[in-house]
Structures are given as structure tokens and as C-alpha cells.
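Below are two complexes that have subunit A in common, paired first with subunit B and then with subunit C.
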Partner chain A sequence: MKTNLKISNVTKIYPGCVANDNVSLEFNSGRIYALLGENGAGKSTLVKILSGVIIPDQGEIYLNKNNLKLNSPLDAKKNDIGMVFQHFNLFETLSVFENLIIDSDGQREGLRGKIDTIMKKYNFSIDLDIPVLNLSAGQKQKVEIIRCLIRNPKVLIMDEPTSVLTEQETIELFQSLKKFSEEGILIIYITHKLKEVMQLCDEVAVMRRGKLVSVSEIKNENIESLANKMVGQNLKTIKKKKAKTSSDQLIKITNLNFTSEDPFETNLTDINFSVNRGECLGIAGISGNGQSELFQVLSGEIISEKNSIEFNNNYIGDLSPQERREYLMAFSPEDRLEQAAIPQMKIFENVALNNFKSSNFFNNGLINENKIKEHSKKIISDFNVNTDNIELKSQFLSGGNLQKLIIGRELITSPDLLICFNPTWGLDVGAINYIHETLIKINEQNKSIILISTDTDELLKLSDKISVIHKGKLSKIMNSEEVTSEKLGILMGGAD
Partner chain B sequence: MIIDINFIGLIIASIMASAVPLILASCGELITERSGVLNLGVEGMMIIGAISGFALMTVTGSLIIAIFGAMLAGVLISTIFAFLTQTLITNHVATGLALTIFGIGISAMIGKNFVGIPGKEFPVLFESLKETIPLLGPILFGHSIVFYFAFALPFITSYFLKKTKIGLIVRAVGDSPESASNQGINVRLVRYACILYGGAMSGLAGAYLSMIYTPQWIENMTGGRGWIALALVVFSTWNPIKILIGAMIFGGLTIIQFHMQAIGVRIPVQFLTALPYIVTIIVLVVISRDSRKIRLSTPSSLGKSFHKDN
Partner chain C sequence: MIKIVKRGQPSRAIFFFTPVLAIFLTLVAGGLIFFILGFKPFEALKFFFIVPIADKYGFSELLLKATPLCLIAIGLSFCFKSNNWNIGAEGQLTFGAIVSGGVALLFYEQEGFYILPTVILAGAIGGMLYASIPAILKTYFNTNEILVSLMLVYVSKLILDYLVVGPWSNPEGFNFPETRQFSDSAKLPLLFEGLRIHAGIFLALAAVVISWFVFYKTYLGFQMKVSGLSLKTAKYAGYKGKKMIILVFLISGACAGLAGVGEITGPIGQLHREISPDYGFTAIIVAFLGRLHPVGIIFASLVVAITYLGAETAQIFMQIPKYTGQVFQGMILFFLLASDYLLFFKIKFIGLKK
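After this line comes the complex of A and B, so read on.
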């Protein structure tokens, strides 16, 4: 049976922002649709309306000509609309099976049979009786998909499903989605990754600032045309000039080990690498393979043996982040609002947190507010942070602006080494471009970068050398010209 | 000194009796906390239950009305907590503390007229069987219905959480209210229900104190048992069976230290009185140190307000 889903004149207004401005779209089963847009373009709002999580201010939704009133996620489920959220909607401490049956009414054992059939059909293999927190991101996503499939959905919505997947897992996901589509499930695929749209979808709708910009067939588009539609202007592509290889070693890590007492952290084993001046070392890997532990060890949040880290001919393994900053290291952690900045504090107060010795931010224990504010204004103008109000609480900055502020705060002391962890995670194309340009500029100034990232494209673009972290171990260090994303994908999966 | 075997049975029975209010209140609070709500008002709800039960018994003369009235009183006062924390999204800790202070105050006020009035005898079951089996007879028989209910409750609670759909929903809400809400579960409703259930059990625990354990009204008669119940929940790592163990250790040491004081053991009284509190917590910490299990049974959203916005 054919499924037809129609969105008609949907509008959702939040204070200060129109998330969806009169959006109308039509979908038919048998095809895979892409909904493309930058962060904040309104695509997530639109699919949350389709899944009943958000109620629109205006507009109608029709499934096979029936007008749907979706007032809760339950209504969407009853009408056979399934959704896999970007941030998994799973219960970490419950078992896989418990997660799967929580919203179904059937008998437990009957459901187990049904789940087994689904898993066999699509070649999924997951232990149903272990807690979800022991699963990899790819497996968690499969659990979410199975949860939708149990209900025999007519429509399956995937919200940025590949942000946590490896190359291999992405390929598997695409195969499954194509299979679902052939079986008559209408697939709506939300993303800001252009490559995926070209690979997977038949038709693409582009959104920008809450408005629908275009609907077109994939065969009439290419990556550049979609990018321009998405951003609304012509993007210049940046490319890194290959630096002359310097042999001046800046940081050297020798036999670094870290054993965690928390069973949910990853232990680091025998980490060895070195970075020369003017070089960018990329560290790839699937999240949860020791990246955050490695970042913490390098930044001094976790203290290690004194001799394991040699920086600028000093042994600094046992120093705190503050002391390491004095040696001209700088850090940009992964979680902008939890680790890098304090959301409830004002911009200039957050700047003052990076209180290096020569800053004179504090005199005899008193805050030198004028000095800090002056300094903050310089960061804001030098690093293109889109606000002129340094009294603004940093939680109100967009992700991109906050990241620029953090990178700016770190770089204004002109450090020799910047260690950053997923610096463009969740940012829109414009901000990503800016951050990438900035990082390239640092290398050109003969300063070094350690870039820990889960984004393979980013690593290939920015790194001179690349290594892959898997289960707390680093692969051998490769020159980035010799590496392809396929090869990285294999290493990230744990193969040698 | 010749110790009669039935005397040992009686001591064990008295230990079990002193554990009853802890088990009831803890198992109630456990359900509340498993749904992600931290209600520090257990002491207050217990003492409200104690005075309500005693007052209703004195006024109406009906034990059934008194018991259910005490539970209802617990429900009512926990409704205040539920309304504040779930509807008005106030802070759980502050609201819970306020509830305890409120409960102690209002119970003292109502209780003024009931001081010194003797309680009624509460019927016990299987009295005649007490003498039939040595040692086990006094342990198993001749107790009130509330006593039997209390010792069944940890097992019922465990079964409810592990095996029933509603139990699964409660755990899911406590793990991630956001996910639960996106799954179409009414988080507020579930949490309301769990808070009210916790109130009912605390009310029953209070009524047990004032109507069965020591049948009279004394101001502040819960004497910190609500706080111990709270500690039991946390240190048992939200496991009902371990609550039972903890409550028995606490009850046992309380009774034994009374006897030690009576015999005249040369240990400072203050130390003896403090002993049950310390030992119970140490034992529970030791038997629950598996950090993996702690992670799996701790409600991740405990004490955090959940606000759904459209």
C-alpha cells in the first residue's frame, strides 16, 4: 500500500525566533527524502512536529488524506509514524529488551519472537539482555530502529542518524534504510551532511532559517549546489597548504598509561607520539574509545607520570591545567557548555577563567574588571564572535559563537600548542569554516595542534599526521596524504 | 544464666517489629526515588501518619478507619510535595525539608489533645500457634497484619519493579524523563503516582508506630526513623531486599543496645545509641560496593526537575 504524507502550512513560533515559517511538503512511500539544513534551520522542529513531540501553532498534517492531530508522541505512534532521534531516546540502565517493550502492549514472550524475526531479517545482532549503556552508538541506534519497526511503521524519520556512526556503520545503516524503503516504508532523512544526501536520497528539501528554500530531485543537484542553497551564499572552500615539515619537536608523549577506576571510562595503554612545531596531529576514532580520557590526560585534568609528557624540553606530566597553560599550552574541550565555559556566567567572566600569569586579571585578590572587559572585547572582535555585549551570559551564545569565544580565549595568549576535542561538533557550516580557517592559520604561524575529532572529513582536511584511537590504544601515526576515510574507518573499527 | 529458646525467638520478633516502620517507609521512598524524585519529607510524612492514625483511632474507635486514614494523610501531605515539585517545578531537596518541618510542627499541634491518652490494643494474627514451634513460633506468629505486610513488601516491590510493565515505566522515568516523555509516557503522572504511593507507605509506617509498636502519642515520636529510612534507600542502592537487610540490622542493634544498657555494659550510652546508625550504613556500603550495579540501579534523574516544553 502506498503511503502519502503531507505537511501543509506548518508554522511554529518561539519567542524571538520563527522555527517553522509556513512549511508545506509532500512525501510518497518508495522514495527516500532528505531534509537538509544547517543547525537552527528548523528541520528538527519540523520532524518533532511530525512525531508529536512539539505541537505546531498552525498547519495541518495529512497521512493518506487523513488529517492527523498529533498532540503527543503517542498519537504519532498510533498513526504509524516512527522516529529515531538524534540524541537517543533510550534508557541506559534498562536492558535492551526492556527498552524495546516499554511502549508496546503485547505479551513479553511474543514480543521476543517478533524482535528476533526483525533482527534476523535485517541482519542485526544485539544481545537483548544486557543494559543499553554497554552498547556502542551504532548498536544503540539499531535498538531505536527495532523499536520503531516493532510497530510496523508507515513512516520512519531519522534525525541526523550518522553523527555517532563509523563509516562502516553508516554503510550498514544506508543498506537497511534502502531495504525499508523497498518494503514500502516512507523514509525521511534529516541531515546537514551533503555527501550522505547524494548517496542515499531520491529527493531533497532544503530549509534555511525556518523557511523551505527548495525541493528538488537529487539527480538535478550536486554537493556545491546544495551547499549554496543551505547556507544561502557561495561558500569558499578552504584548503590547507601542506606545511614544510619541521623537525623541531614540541611535545613528546612516552609510554603514557591511564587506568580508570570508573568501569565506564576507557583505559589508555602505551600512548606514544610526538608533534613537531607547525604540525597538526589528528586523532580519529569512534567516540567512547578513550578520546575524552586522552584529552584529560593531555590537558592535566588527569595527572600522569611526570616523565610521560615532555613539552618544550620540560617534563610536565604531573602539572595541572593551569600550570600547563603557563608553559603555553591551550585547551578547547569537547563539551562547550559543561567543560569549556560556565553557561550562567557572563562572557567576560568566562574569559577571566583562563587566568594566565601575565594577564593581570586579578590584583591582590580583587577582580580587575576593566582589564578583563578590554581583553574580552579584543577576543570578540579578533575572533568574529557575533555579539557586542560582553555582559551576555554565555549560555545565550549560539554553539558557533561560543566555540569562537573559547578558541579565541585560548589563542589570544598565543600558545605553542592547542589541544582541541571535537571543536566543530554540532556547529553549522559557516562556523565550521571559520574554525577550520583559524586552525589552519595557527599551523601557518608555526604553532602546533592536537586535534581529537570524530569527524573524519575534518581530520583529513586539517591534519598533517593522523592516528586512530581504538579501545584506548593509538594506531601507528600516518601521514595524512597516505590515508583515506575508508582506511580510517577500518582502523576505527579495530582492525589493524 | 539460662536462656530460654523462646526468649531468643521473642528478641528476634521484637527486632523484626522495630524494623517494620523502616521497611514500610523505605520501600515507599524507594518507589518515589526510582521515578527520579527525591522526597526528603519522609520523617514529616511519617509523623503525620502517626498522629492521624492515633487521633482517628481515639475519635472514631475504628482501627480500620485509623490505618487507612493515616495512609490517606500521608497521601495528602505528599500531594503538597508533588504539586510543588512536579507542577510548580520547585527544588526537590528544599521542598522535602520543608515538608518534614511542616509535618513535625503540625503533628505536635494536633497531638496536644492526645498526649497521655492510652492507645487501643491492635489485633494480632495466629496468636494460638505461637507455642506450637519452639524458636520459630514467636518469630512467625502473633503479629499484626501490618507486620506481615511489611515483610512481604520488599519482595512485592522487587517483583513490581523487575517484572511488571508499570514497574518498567517507573524505572524508565527515573532513568531518563526526557526519553520517557518522547516515548509518550506521561512523566508527571507517573511521578505524581510514585510520590503519593511513598506518602501512603510513610503514613502507614507512622501509624504502625503510634498504634501498634508503642500505642500512644508522644510528640516527635518518629525520632529520626524517617531519616534512617531515607539513608536505607540510598545505601541499599535502591534494592528492596537490601533495605530489608539494612532495616533488620538497624532494628537488631537498636534492640540489642537497649538490652546492653539494661545489663549495664560499661560502654558510654551515647556510643551505644549511635551504634545502629553507623553499623547499618557501613554494612550496606560494604554489601553494595559493586560500582557497575550501583550505576545500573541508581535512578539517573534523581532529584532533577523535569519540565516538558512544547
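After this line comes the complex of A and C, so read on.
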């Protein structure tokens, strides 16, 4: 039986932002549809409307010509619309089977048989009786998918499903999705990754600032054309010039170990690497494999043995972040809103968080507000932060502008080494380009970067050398020309 | 139809308006309560809020009550602004009073300019010591500071009880549960003949100025602000977040201790069982009513101080128990929390839709 899903003139307005502006779309089963757009383009709002999480201000949804009134996620489920969210909604301490029972309206009879059939059909192999916390991200996603399949959905919506997956898991996911589509399930795939759209989908709808920009066949598109539609302008492609090989060593990590008391943190074992001047070392890995701990050890939030970190011929393993800044190190943490900046504080107050001695932000224990403001204005103009009001609370900056502010704050000391952790996470293409250009510029000025990132493309683009972190251990360090994303994927999955 | 809409950003004007609204609603509700009890609401409210401060003596009493409230609330504002929930100011006040009272008793037959400063200092140190207990337990053993600081209130009151009944009780006092009277050198000087208002008010005013300066103008204050808003950011910036936690507790303990000194070396002049009508708890309301801002706290402490006085006049003239004062304090907090809803949401009246 064919499924036809129609969205007609859907509008959703939030204070100060039109999330969906009169969007109309039609989907037919047997094809895989991509819904493409930058962060904030309105694609999440649209699928949340389809799954009953958000109620639109105007507009109708029709499934096989029936007008649906979706007032809750339960309504969506009853109407055979299944959704797998980007963040898993599973109970970690319950077993896989128990998690599946919760969502099956209490019909336990024959449930296990049904699940077994589904798993056999699509080649899933998951032990139903172990707690969910022991599963890998890919397996957890499969549990979520099974949860939808139990209800024999007509529509399956996947929201940015590959952000937590390895290359191999992604390939497996795509195979399953194609199979579902052949079985007649209508698949809507939300992403901002262009490569995946090209690989997987048949038709693509692009959204920008709440509006539907285009609907087209994949065979008529390529990555550049889609990127331009997504951003709305012609993007220049950034290429890094190959660095002059320098042998002037800047930082050297020797036998660094970290054992955490917190069971949810990852221990670091035997970390060894060095970075030369003008070089960018990329550290790849699936999130949660010790990146955050490595960042903290390097920044001084976690103190280690004095001799384990040698920077510019000084042993600094036991120094605090503030003391390390005096040796010309700079840090840009992953979490912009909870760590790198304080949203409730004004822009210039956030600038004062990088308090190196020569800044004179604080004289004799008093705040030197004029100095801080002067500095903040310089950062805002030098780094293209899109505001002229340094008294603005930083929560009102977009992610891209906040990241520019943070990178600017860190670079204003002209440090010898910048350590950044997922610097473009969640940013739109324009901002990503800007940050990438800035990082390349740093290398050109013979300064070094340690780039910890979960975005493989970013690493391949910016790094001179690449290593992979898996379960707190670093792989051997490779020259980035010798590395492909497939090879990184294998290493990220833990193989040697 | 009424629709409730979330505000894009909390409104600055509403931020200062809601305390006023809360006080207004408290008056309305208070009038209603009096009416139900069979009094004329306006007359009763007049007895409660205007009669007590209508003369010079009443005004002096108002300042007398507002002084400890203001002092403690200033200290608490340091804790609350940095997300440390010190609920035990009453205990810190009591312990500060015990330590300073002990020192004052050492000098009970002596005169000298050095006695009063020593006694005041002892009170501040006592309050700090007592506040350091929840602070250290919180930072090094992950205990909950709300529970620890609150329970320590009762411990300090029992210690005071034991001391005034036992070892420190006045040998010539016919077994009354009180100590000797302190010598005049251990007492805060009175400001006016015949009025009870004493030099303690300068301690409170100094605390207001110093706290404003420290919090808004110094690096230390900046670090406290950052640590309070996000410990993760503090760690990243290289601040010593744990030390900041202990520091804000010490500041608030010192202020509460000083308030205790002000009570026993001012109007009371000795230690006995009832040195504070729960100033330490009421100051929590003052701190929030004053929006944790030094100037706001001055006004809030005056408003809340009236409820103490009003309760007494109401008891005398209308024969209603003085605990109505606490009812009013409770209502202020209740309405303040309720009207804070307006900070984040606005109420829209829209036409009936078909």
C-alpha cells in the first residue's frame, strides 16, 4: 500500500522568530527524502510538528488524504508516524527488552517473538536482556528503530541520526534505511551533512530561515549546489596550504595518565605526542572516548604530573589554566554555553574570563572596566562578531557569534598554542567557514593548534597530523595525507 | 481570553516592580485576614504599619530591628548570588553571640576602649567558624549545605541554652537562665538619649557599602560571580571555585555573627535564651525581597522590620497574637515568589476567538 504524507501551509511562530513560514511539502512512500538545512533553519520544528511534539499555529497535515490532528507524540504514534530523535530516549539501567515493553502499549504477549522477527529481517543483533547502558551508540539507535518498527509505522523520521555513529555504523544504518524504504515505509531524513544526502536520499528539500527554499531530485544536485542553497550564498571552498615542515617542537606530552574517580568519565592511559610550531594536530574519535578529559588535562583544569607536559622547554603539568595562559597557551572548550562563556553575563565580562597578566583587566584586585571594554571592542571588530554592543548579555549572541567571541578572546593574547575542542559544533556553514579560516591563519603565523574534534571532515581539512582517541588511548600519529575518513572510522571504532 | 506567553528575556523593569507588587498584595491579603477576624481592615493595617513608626521612638525601634536584618541579608546575598544556600544564618548569629558574649563576660568588671572592638571581632569570628562547617562539608564531602546549615541552628541554640543555664549563668542571678550584664565598655554606644538605636547601625551601613564595592568592583567579586554562575567556567578560567564557596560562607557567617553581637551588646546587654526573634530566618526573606542588591536590601529590611513592630502594636491594641508578624513575613515571601512568575512570562489579554 502506498503512503502519502502531505504538509500544507504549516506556520509556527515563536517570539522573535518564525520557525516555519508557510511550509508545504508532499512525500510518497518508496523514496527516501532528505530535509536539509542549517541549525535554526526550521527543520527540527517541522519534524516535531509531524511527531506531535509541537502544535503548529496554522496549517494541516494529511496522511493518505486524512487530516491528522497531532496534539501529542501519542497521536503521532497512533497514526503510524515513528520518529527517532537525535538524542536517545532510553532508560539506561533497564534492559533492552524492558525499554521496548514501555513503548508497546503493554501488549507483552508475543512481543519477544515480534522483536526477534524484526531483528532477523534486518540483520540486527542485539542482546535483549542486557542493560541499555552497555550498548554502543549504534546499538542504542537500533533499539530506538526497533521501538518504532514494532508499531508497523507508515512513516519513519530520523533526526540527525549519524552524529553519534562511526563510519561503519553509518553504512549499516543506511543499508537498513534503504531496506525499510523498499518495504514501503516512507523515510524522512533530517541532516545538515551534505555527503549523506547524496549517498542515501532520492529527493531533497532544503530549508533556510524557516522557509522552504527548494525541492529537487538528488540526481540533479551536487554537494556544492546543495551547500549554496542551504546557506543562500556562494561559498568559497577553504583549502589549507601544506605547512612548511618545521621540526621546532612546541609541546611534548610524555606518559600522561589520568585516572578518574567518577565512573562516568574516561581514564586516559599512556598518552604520548608532540606538536611542532606551525602545526595542527587533529585528534579524532567518537564523543565520550576521553576527549573531554584530554582537553582538561591539557588546559590545566585537571592537574597532572609536572614532567608529563613540556611546553616551550618548561614543565607545566602541575600548573593551573591561568598559569598556563602566561606561558602563551589558549583554550577553547567544547561547551560554549556552560563552560567557555557565561550566558547571563555581558560580552565584556565574558572577555575578562581570559585574564592574562599583561591584559591589566584587574589592577590591584580591582576591575579595570575601561581596559576590558576596550579589549572587547577590539575582539568584536577583529573577529567579526555581529554586534556593536559589548554590554549585551552573551546569551543573545548566536552560536556562531559566541564562538567567534570565544576564539577571539583566546587569540587576543597571540598564544603559541591554541587547544580547541569541537570548535564548530552546532554552527552554521558561514560561521564554520570563518572559524576554519581563522584556524588556518593561526598555523600560517607559525603558531600551533591541537584540534580535538568529532567531525572527521573538519579534521581532514585542517590537520597536518591526525591521531584517534579510543577508550582513553591514542592511536599512532599519522600524516593527514595518508589518512582517509574510512581509515579514521575504523580506528574510531577501536580496531588497530 | 487570557493567554500566558513566555518572555524573550526577563524584563528589567519587572525585576524591580515585583517586590513592590508583592508588598501590595501582602497588604491586600492582610486586610482580608483582618476583616475575616472581625476587624476593620484599614484601621487594622494602620495599627500594623503606620502607628508603630509614627513617633521618634517608633522610628528608632524600626531601625533597631532593621539593623540585624540588613546585616544578615547582606551576608546572605553573597551566598545566594553564588548559588550557595545558607539557611543557617540564625545559627551563625547565635554562635557569634555566644563567642562574643563569652569574651564580653571575660571583661565583665573591666573598662577600656579595647574591649568593644575585641568583642565585635570575636562575634564575627564566631559566625565565620560556624558557617565554615557547612562550607567545608559541602566542598570536601559533597554534603547538602541547606540541611547542614539548618540543623546547626538548633545545635547552636542548645549550646546557648546550656551555657546560660549552666556554666555562664549569673552567680547572683537567682538561677535565672541568663548571664551577668556586660560592662559598659563591652556595649555598643547609644546614638540618642532615651532611644534604643545604637552604633550597630553603622556596622550594617558599612556592610552595605563594602559588599557593593567587593561584588561589583573587585576581581574577588568577579570570581565569586563567575563561580556562582558556573563552577565549570570558574575551573576553566583557573579560579579556585571551592575556595570561593568557602569564602562566601565565611562572609555571610561574619555578617550574621556581627548581627548577633549587635543584639547582645546593644539592646540586650547580656546573654539569655532568646537573643533573636528569628532574625536569621527572616533575613532570607529580606535578601530576596531586596533582589540580593545592597540598596534593595536596605529598603527590604525596613519593610520587613515593620512587621515585627506592627505585630507588637497589634497585640497591644487589638489583642491578636504577635505571631501575625510571621504571617505577614510569610505572605511577603509567598507573593514575591508568585509574582516572580511575571519575570519570565507575561499575561496577554486577547479578544475572544471563535
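Just so we're on the same page, the second predicted complex is superposed on the first by the 483 of 496 C-alpha atoms of A that agree within 3 Å, B and C clash if a C-alpha of one lies under 4 Å from a C-alpha of the other, contacts with A are read in each partner's own complex, and residues count from 1 in each chain.
The criterion applied here is as follows: contacts are C-beta pairs under 8 Å (C-beta built on N, C-alpha and C of every residue); 3 or more make two chains touch, one makes a residue touch a chain.
None of the values given here were measured: they were computed from a predicted structure.
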Record, for the superposition on subunit A, whether partners subunit B and subunit C clash or fit. fit
May I ask you to decide whether A:Q339 touches subunit B, subunit C, both, or neither, giving the answer as first, second, both or neither? second
Once the shared chain is lined up, is A:I54 touching subunit B (first), subunit C (second), both, or neither of them? first
Where does A:D103 make contact in the superposed view: on subunit B (first), on subunit C (second), on both, or on neither? first
Name the contact category of A:N386: first (subunit B only), second (subunit C only), both, or neither. neither
With the two structures laid over each other on chain A, which partner does A:L366 touch: subunit B (first), subunit C (second), both, or neither? second
So, does A:T117 touch the first partner subunit B, the second partner subunit C, both, or neither? neither
Rounding in steps of 10 degrees, give the angle subunit B-subunit A-subunit C taken between C-alpha centres. 40
Regarding the shared-chain residue A:T484, is it in contact with subunit B (first), subunit C (second), both, or neither? neither
Quick one: smallest Cα-Cα gap between subunit B and subunit C in the superposed arrangement, Å? 7
Output the subunit A positions appearing in both contact lists, the one against subunit B and the one against subunit C. none
Quick check: in the complex, which residue numbers of subunit A touch subunit B? 51-55, 72-74, 77, 85, 88-94, 98, 101-103, 131, 133, 261-264
Under the touch definition given earlier, write down the residues of subunit C that touch subunit A in their complex. 5-9, 217-222, 225-226, 229-230, 232-233, 235-239
Quick one: which bits of subunit B touch subunit A in the complex? Just the residue numbers, please. 165, 168-169, 171-172, 175-176, 178-185, 291-292, 295-298, 300, 310
Which part of subunit A faces subunit C closely enough to touch in the complex? 15-16, 299-301, 320-323, 325, 331, 333, 335, 338-342, 344-345, 349, 352-355, 362, 365-367, 393, 396
